[in-house]
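Encoded as structure tokens, the structure appears first; notes follow it.
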Amino acid sequence: MKKILNNPEDYVDEMLAGLTAAHPEYYRLHGDSGRVVARAKPGKDGKVGIVTGGGSGHLPVFTGYVGDGLLDACAIGDVFASPSAEQIADAIRAADTGAGVLRLYGNYGGDVMNFDMAGELVEFDDIVCSTVLLADDVASAPPEEREKRRGVAGMVYAFKIAGAAAAEGRELDGVTAVAQTAADACRSIGVALSPCTVPQAGKPTFEIAEDEMEMGMGIHGEPGVWRGKLQSADQIAGEMMDRLLSDMPITGDDRVSVMVNSLGATPPEELYILYRTVKARIEDAGATIIMPLVGRYATSMEMAGVSFTLCKLDDEMEKLLLAPCDCAFWRV
Amino acid sequence: MKKILNNPEDYVDEMLAGLTAAHPEYYRLHGDSGRVVARAKPGKDGKVGIVTGGGSGHLPVFTGYVGDGLLDACAIGDVFASPSAEQIADAIRAADTGAGVLRLYGNYGGDVMNFDMAGELVEFDDIVCSTVLLADDVASAPPEEREKRRGVAGMVYAFKIAGAAAAEGRELDGVTAVAQTAADACRSIGVALSPCTVPQAGKPTFEIAEDEMEMGMGIHGEPGVWRGKLQSADQIAGEMMDRLLSDMPITGDDRVSVMVNSLGATPPEELYILYRTVKARIEDAGATIIMPLVGRYATSMEMAGVSFTLCKLDDEMEKLLLAPCDCAFWRV
Amino acid sequence: MSVTREMFLAAIDRIAAAVERDFDMLNAADGALGDGDLGVTMTRGMRSIHAMKDDLPDDIGMALFQCAQAFTKSSGSSYGTLMATGLMSAAKTLRGRQQIDTASISGLLAGARDKMQERGKAELGGKTVLDSLDYVARATATAEAEPDDMVRAAARAVDKALDDFRDKPATVGRARVYGDKSIGLDDPGMLAMRSVVKAAVGH
Amino acid sequence: MSVTREMFLAAIDRIAAAVERDFDMLNAADGALGDGDLGVTMTRGMRSIHAMKDDLPDDIGMALFQCAQAFTKSSGSSYGTLMATGLMSAAKTLRGRQQIDTASISGLLAGARDKMQERGKAELGGKTVLDSLDYVARATATAEAEPDDMVRAAARAVDKALDDFRDKPATVGRARVYGDKSIGLDDPGMLAMRSVVKAAVGH
């Protein structure tokens, strides 16, 4: 795939310059690292702060979800690389209004180290931090090693639900608890059709034949569960739902939200073709679908492929999921 | 590019099935052709109806913009092919509440014939129709042949402005007049990096080398003004702005909206990199930017590339552009 | 001499068979200068006409009107809409008749040509189906009202139209963007009209 | 015997030079099992340390603390964060000192190893930089407090760590997903630690 860019070194900084220039009502750069985005209108004093971060190249994740009823600040690194501990610490400082800050992010080794270290750095600022990790990718480790799983699109549900809880004025413990509940309620799986190119690397993240797909591949091209001939939409959706439902069965009383997410290049037309099967499978189980999300919520630049995320809701999460939120990429 | 689909013959029908299943609060299928989408909550009696239509494969265009403060109904054909006159007639019938219907669509020969014939068909239903054609692609014909230009992303501005005027309760003449003003105020240009595949054709719409781009190419792969080596983001944005501004100069008093639109595969990261130059060029002219639109507003499935659209606003259009609207793909 | 219902229905059979036979040829010709669906458009339209053949009313005007609808219903492609427009024009003139006076055929074709020209807002001489129709209308006008002469004249006319325009550039429809690249290539719509006319006259 | 400020600053020069020299090698090694940025991480960190070299405080603990910050500021990659963590641990112990007693070096390395292990939540024996540090800490512990012995011991240790783990699979970090494909490949972090240690001891 071809990319429209200038100097690859400037990809992230120029992207952030354009993002903040296009949406000054939502986003502002904070601090001097140039890699911390905070809400243009900060949450009011006493509101628990929510911070995320990770590599660039996943818009709307991470930066895009900074907004009302969502996140307060975000630190982002180079494409697919963790931000530095100092940058994360700046994001935490930007998000803190005195009520403490939840660190809500995906389970990647480098990110975990830096968020932990950032927490130690802001101890000197007397900021209390909590942590909730997303580990929703069922293809990245078996159920018995759930804590090793990577965090993918499920984080969007966690952002939304935790963000609504913080906006309601809950305290850090309460926001953290419901964020953890949401993280635990999400299961995701992805399928990749074609790679993307990390600007600084200049070459595709992986190679795959013109007639092949890879089931369970990670959003950075991490190897999946099998690679083979490209199947039909109904077959692909069927297997993805099988894998999600065997990891987290649903029954007649369940209320679930489901995300059918494009990794980037795959158009909405194809997401809707897939959604037919997703809806049928959930309703066959007798469960009720709440606010299905079909679109581009967590991407890998121009990668072709899709991910499904199931989020099993309780009454509290459902209320928070349906609560208003507002950022440049998503409004409820 | 690879596609996720079942039988190519079913691509459009399955897409519409998924779309209406995912967003029943916005969209419903009307009539028995299966290719007419109408608002789930029709406009109230006496509201002027607005109908569009064209080929599939451009989501959110056309179907996606059926909604509150936007369109009332839409007829869509196979991918990149006009809907039939009968289907358009059905859409007009669905949109009519007695106050007449504006046909607002892009300037393509097949579409024009069918919208004209549909108008004759609904004369038997005593429905009064007016027509406004989008012809905003500056690369598709010189200024002296403006009426021959193709309609592209500029139609999103026309949908929004005409939709707001109809929602205000204006009569058919008034809605038609402001829609025409909006259509005349838009200039667009596109650049293509890689093609898309029409499911039923099964092969890419055009061929282009791994290091090439084509300036001015149409959204269906219509030949552009030049093809050459892929340039830098700043060069590409600069030339696109040159071409738009030479066709429609702007000055210090002007208030313009600008759309930086991905044709599909090109990620938002790259749109924001481009937006830096777009904003600089407009502000260098001393003009003011109103509600910049950066994202995927009018696409060609998995095609890689971008289009810019300039819409020069008067007070009335600005008010209508900023008025509320609501559909599954866009909310103001 | 006149065309009876039986002759009309037989012509439908022949045209339907001809477009099935030419399905790939028409798609390929349209693929070279457009979106490659002309074979699909013609077979879809003729299949639905063929399917309702026996239920077509005796009023040949009404029958042609239903044939026109078959095209507007089955396709949004330009050629389907143009066919429908032409059929509609003949339908209006023949409303109430049970058969078609052969002497009126040239005028019916000219009328169809004119309505299709309005519909498509294109000039004659633009290398389109309009030129094929124009040639046939003129040829059948000058030919004696002798069926056999008309048959030969019509068949010659569609071929001559293709020969005369082959080396001109396309100026209309999707083919227009190909400009000079279209020189030497037959216009798909003219090819489709050749299939229709030759099958209609049983040539 | 002890490491003076001058010796410390000289070591910075040597390490900075070594990582520039090994820039491509480290990127390539990390490219094979990760995201290919390890050379970038090391040069970025060492360049900014080298740039502030002359302004480093006499308090060697404070100096090491600033070196740690140079890594946290310049990179978010795991290795930079681990380096910072290790330097921070040594910085705490040495706070207030003007020089480093060579006899304490093994303990400082062991302390760094343990803090880095907490940071990375990885086990020893996982084929990571931790194992290199572990080898060096043990080797320098048993070596007499004779500088030359320690130099040789440290240099041998980083090589031995690479040899002992080369044919084990990676279990930690990005390399983990390569599983058995990583057998036979050196862990990039262990290679980086070899560059650092050998340059530090001037071997």
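For the reader, a short list of remarks on this structure follows.
Note that the chains take the letters A, B, C and D in the order they are written out, and that residue 1 is the start of every chain.
Note that a contact is a pair of C-beta atoms (placed from the backbone, for glycine too) under 8 Å apart; a residue touches a chain by one contact, two chains touch by 3 or more.
Note that the structure is a prediction, hence the values are computed from the model and not measured.
Listing every chain that touches chain A and chain C alike gives B. When every chain is reduced to the mean of its CA atoms, the largest separation from chain B belongs to D.
Inter-chain centre distance (chain B to chain D, centres taken as mean C-alpha positions): 57 Å. Remark: chain A and chain D have CA centroids separated by 33 Å (rounded to whole angstrom).
With centres set at the average Cα position, the gap from chain A to chain B is 30 Å.
Taking each chain's centre as the mean of its C-alpha atoms, chain C lies 82 Å from chain D. Shown here, the protein chains touch in a chain-like sequence that does not close on itself.
A list of each chain pair in contact follows: A-B, A-D, B-C. Interface residues of chain D facing chain A in the complex, by the touch rule stated above, are 35-37, 69, 72-78, 80-82, 84-85, 119-121, 172-174, 177. Across the complex, chain B is touched by residues 1-6, 11, 14-19, 21-22, 56-57, 59-60, 64, 193-194, 210-211, 213, 230, 232-234, 236, 260, 264-276, 279, 292, 294, 296, 299, 301-302, 304, 306, 331 of chain A. Only residues 77-78, 80-87, 109-110, 112-114, 116-117, 121, 198, 200-201, 218, 222-223 of chain B touch chain C when the two sit together in their complex.
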